[in-house]
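Next come the structures, one after another.
Each of the next two complexes has chain A plus one more chain, namely chain B in the first and chain C in the second.
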Partner chain A sequence: MLKKIAKKRKIKKEYWQVTLLFLPGVIFFSLFTLYPIVKLFIMSFYEYKIGALKESTFVGLHNYIQVISDEISQAAVVNTLIYALITVPGQIVLGLLIAVFINKLSKAKVFFRVLYYFPVITSWVIVSVLFRYIFQNEGYLNYLIFSMLEVEPVHWLETRMSSLAVLSIIGIWKGIGWSMTVFIAALTAVPLELYEVAEVDGSNSIKNFFYITLPSIRNTILFTFVMLTIGAFNTFTPVKLMTDGKPLHQTEFVLTWMYKNAFEFRNMGYSAALSFTVGLLISIIAIIQFNYFKKA
Partner chain B sequence: MKNRKLLGIFLTLAIMIGLTSCTSPKQAETKNKQIEKNETVTNIVFWHHYNEQSNENKVLMEILIPEFEKQNPDVKVEAVSHDWADLHNKALVAATASNLPDVIRVDSAWIPEFVDADMLMALDEEFEEFNSVKEGILTGPMDTANVKGHYYGLGLNTNTKILFYNTKLMGENDVEVPKTLDEFFEAARNLSSEAAQKIWGYGEPALSGWNMLPFIWSNGGELLNEDNSKAEGYLNSEANVELLSKFAQLYKDGFLSGFNSGDIPMTDGFAQGRYAMIIDGPWKYAELQGGHADFTDYDATTMPAGKNGSIQVLGGEDISISRNANKEAAWKFVKFMTNEFAQVEMGKAGQIPVNKKALENAEITSIKNYKVFLEAIKTSRARPAIPQWSELDQILTDAVTNVVLKGADAKETLDEAARKMDEVLR
Partner chain C sequence: MRKRKSIVEFILFIILLTGAMFMMIPMVYLISYSLRPNSDIYQYPPTLFPGYYKLTFENYEYILSKSVNIFIYFKNSLIVGLVSMVLVALMSSALAFVLSRYKFKGKEIFFLIIIATMIIPGLELIIPQYQIAVRLKIINRLSGLIPVYAAWMLPFSTFMIRGFVDNIPREMDEAAYVDGASPLKVYFGIILPLMKPAIAAVSIFNFLTCWEEYGWAQTVISSEKLRTIPIYIAGFFGRNNFTQYGYVFAISFLSLVPIITIFITFQKYFITGLMTGSVKG
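For the complex of A and B:
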């Protein structure tokens, strides 16, 4: 009996300690994550005005209706989706291939890892400006095409699809290093015995890849899949710096349009509604991805 | 064991206290200020966007503020430099926290927005001297601070745009410096060439209000009615339709470039002789001297005149007092910054003065690059002073882009844009 009470007391005491240890994290999370989200959610139902003495007017679902019926926000979502559809599989497939090759190397592993990781640590701003030089009308690429093939220069950054292609290329180039690193970590965790056993059974490396490697790192692939999809929806810097939605908002992405509305037109409510609509969309996509992988 | 747990708790608490106390020095600071306020010296805070490394900032910190404090020993000025775009957002945030500085240097285009957010003091209501101070300052820059009949600042410095042209290309093609809009469009045609390296007669970096309004106004058109409440019948007037069609034709024929994402940037293109003419502000001199010192074959003149004369768009900054400022001290400082002495000093550092006496001062009139600007400013106009300006600007940009780039019908597009603008203005 006494022992039980003593134990209970101990648990109680530990609760206190744990609570105390949690507190700073919880406070910061609530202050800088939870509170802004709730505030933003409320904002999305108002025609939100900046200014201490300004009354914001409640407009119900008006902002959401505008977001859904607005042609530019529709185009922005479609552009972002296209970008995700190209860059996410692109980064995963290429990242995985490179990871497998680097994993097989016996020498210079670190060298290649650093080499492929370089774009990841380079600033988005620098990358965007450099690629702009490459792809502008009189840029290096057009010069190359012209001097080698003698064809008319392509106006890469002036139509919707060519701009999306350029942006996707940059996205993949910059993102390979990250997925590669994640995959290398996962590959080292695959037990070598599996490959040894397979070898005894007369398997080859291609079969190994599809029947041992891929299934073993399935969870990692799912993780990168979800992370990269979310990442694709967060694309801002390259678009802002390379096309800024031009021409005529045809290359607008979700975030650039959100930014323009919030900080240039001061339509805070619209931007808030857009962010929640997109947040919902990302959640749905993530749930589908999880379910699909569970079944597969 | 017990000690370790105690240590854990202690550390946690220490971290929490450490983190929360980050805010306390500032509070202490403001407390100090309040104490000082009660004594004879008044502190005022001045937010501006003179670049910290610039000449202007040096003049402000080393000449103007010391001189002001000498003249007014009871006021101390704490000047804080911000990035241009940062200042706009920080001021809006400070406004929501009722934490605005006493005096702000405001881009004249922000005034209506800041007034709409209830951040600025109406100077004509607060200060009896206002009218006499206003008399000493150019009307154009003063108008940028006027919202619905009240003045929310004083003009501080001004700028506008002028026509830069490549003298070498002019000579080679036998083209005279255009004086009228018709001559200008003709010159843009004649200066273009399809040689190995294409040359465009005219380079324009964007199709927004800042770029298009000078053409619209000079051509006798308008964007909105007189009290900025209606676009229908003004934006889609015959003059504007005609002008826009001309612009579109110029682009279609390959004589106009610069506003697409892939185009050559203005300064580079002009210095390399790829754009024969550009229209830009006083900073272009500094940019050309800084990045292309060996390029000297250029000169400048005022915007070509249309039916309505040569009307350029007015830029520049105002100096404003915030709603919760220390009124009297702030007013003293604002008056000082717009007097002849301060304006001449700033003028020498590259800020075009707005004080009438400073403009007649020999030290200013002798600056060679100012000459054309000072002439252009006499006839330039501010953009509509309304809080919805950025939205209207976007509608205008979209409409012009649609016509110029996509070849849409000018009349239909402007009709539609006017309808959209009226919706925003309602």
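For the complex of A and C:
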């Protein structure tokens, strides 16, 4: 008891030290993240003129109405959602499958882990450059398709759906290694006894997977789901460098459209409103994912 | 039984190997094209491998020649990556320590806000961040990149490291307090050394993030000499619609070398880092 009181007193006396540790991070976070969020929120209600807020005119929800009714921003949101709907389950299923397979091996685990992780550490700029070359009209892929199937070359990056397909394939290709690594980490934490007991009861690998492995790593799957969904909405570089919204803004993603409005059309208020609308959308999706997994 | 097991393992091995080949084809393509003359790159029909008589290092020679000065871009990327990484490591580990060990009003709300900001795509905040950078007069400077990168990485790093610190037994620091140590002493003497694996894991990820960042760098940097590698590579695009892919691929491969080295050296941390913190099974 005495000890406890003494301890409390000591800490209270040296509270400035705790503050000293805490403050730099708080100040930095407030200045470069919190303040921008608030500023952006205010901007979204203005016809914003670069410089001072004073000269800008308050327009209420006008920017939001524009965002919601604008065909291009609708297309950008839909494109991003399609991309998320393909790449998130794609990365999770393939990543989990590979993780389970690698976990079953007695040799060469590290070898495969490194190989599958390779695309993750390759930068998005390089990946975009490379795949733009592979998917160009006279590219290697079209040549292969032509020489094997004798069909007309596909103009991969010139129509909306094929561009989305290409971007999704790249997204999955680049992301498998990450989800695989997360799942390997989670799999090693599943107690082996569970499998041993199951083996005595005459279970098989497939049953084990569905009745032991999946329930044990449920939290990890949720974590991966949320992180990858956020990641999908973060997609910017490959779109910017491979299609840049062409043709006619049909392949615009949320971030590329936001960026264009902000830095090319100088449409700051609209861009801010778009950011907030999408932020709200992501929050709703994340909350739904959390609730769904909590119930299941 | 054992025989059946080894057959299954063999099949899995083959499946994994086939998959790995698909994963690696684009990289093989990149290296293969970086070793061909530029005239070869627009030939039709294209080939996956160059004829051996055509192999050349001319792309690399050009890239490494004095006229290109690629080392400046490497240096820029390295400076920005290292400074941002260290800055985030210092701030997030201290934040994680305080959040994990001390009770005060509004603490949980603060932590919740930090986590909530992880949802926001980094680039969404660049309009106000750009205005801050203008006011701080760090536009078109390397120091203009660092605060924004650090701001992007701080929430996730704090979140991961806090998860790790929560798992360090409290008895460790409580014993030190009883012995009369101050909070600073406990932090630097006991907790920080124990945090090392988590900080290392987070820092590797953070460095990679900076090393490959494109959007913000493209927005802030306009001088040729201040470019980082990603915007230098992307700069090859769009000039007269004719991209000199040979050079691009050669630089791309060179910029991958440090990353591959880091990855293979710290390969262990990639797993242990992910295991701690958020992922608790």
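Basically, the second predicted complex is superposed on the first by the 278 of 296 C-alpha atoms of A that agree within 3 Å, B and C clash if a C-alpha of one lies under 4 Å from a C-alpha of the other, contacts with A are read in each partner's own complex, and residues count from 1 in each chain.
Quick note on the criterion: a residue touches a chain if its C-beta (ideal position, glycine included) is under 8 Å from a C-beta of that chain, and two chains touch if they have at least 3 such contacts.
Just so it is clear, the structure is predicted and the values come from calculations on it, not from any experiment.
Touch criterion met: A:F263 reaches chain B and chain C at once.
When the shared chain is aligned, chain C comes close enough to touch A:L40, but chain B does not. By the touch criterion defined above, A:F101 lies against chain C but remains apart from chain B after alignment on the C-alpha atoms of chain A.
By the document's definition of touching, of the two partners only chain C reaches A:Y116; chain B does not.
When the two structures are aligned on the shared chain, A:L21 is found in touch with chain B and with chain C. When chain A is checked against chain B and against chain C, the one touching more of its residues turns out to be C. With both structures placed on the common chain, the touch criterion links A:F135 to chain B but leaves chain C unconnected.
Contacts of A:P247 after superposition: chain B is touched, whereas chain C is not reached.
Of the two partner chains placed by the overlay, only chain B lies in contact with A:K49; chain C stays clear of it.
Applying the stated contact rule after C-alpha superposition, one finds that A:W156 touches chain B and leaves chain C untouched.
Applying the stated touch rule to the two superposed structures, the overlap between the chain B and chain C interfaces on chain A comprises residues 17, 20-21, 24, 138-139, 263. The residues of chain C lying in touch with chain A in their complex are 8-9, 12-13, 15-16, 19-20, 23-24, 26-27, 29-30, 33, 42, 44-46, 48, 90-92, 94-95, 97-98, 102, 110, 113-114, 116-129, 131-132, 147-148, 150-151, 154-155, 158, 174, 177-178, 180, 182-184, 187, 208, 211-212, 214-215, 219, 229-230, 233-234, 236-237, 243, 245, 248-249, 252, 255-256, 259-260, 263-264, 267, 270-271, 274-275, 278-281. In the complex of the two chains, the chain B residues touching chain A come out as 5, 8-9, 12-13, 15-16, 19, 89, 92, 95-98, 113, 116-119, 260-264, 387, 390-391, 394, 398, 401-402, 405-406.
Interface of chain A with chain C (complex): residues 3, 6-7, 10-11, 14, 17-18, 20-22, 24-26, 28-29, 31-37, 39-40, 43, 98, 101-102, 104-106, 108, 110, 112-119, 121-131, 133-134, 138-140, 143, 147, 173, 176-177, 181-182, 184-186, 188-190, 216-217, 219-220, 223, 230, 233-234, 236-237, 240-241, 254-255, 258-259, 262-263, 268, 271-272, 275, 278-279, 282-283, 286.
For chain A in complex with chain B, the touching residues are 17, 20-21, 23-24, 27, 49-54, 132, 135-139, 155-158, 163, 242-244, 246-249, 260, 263-267.
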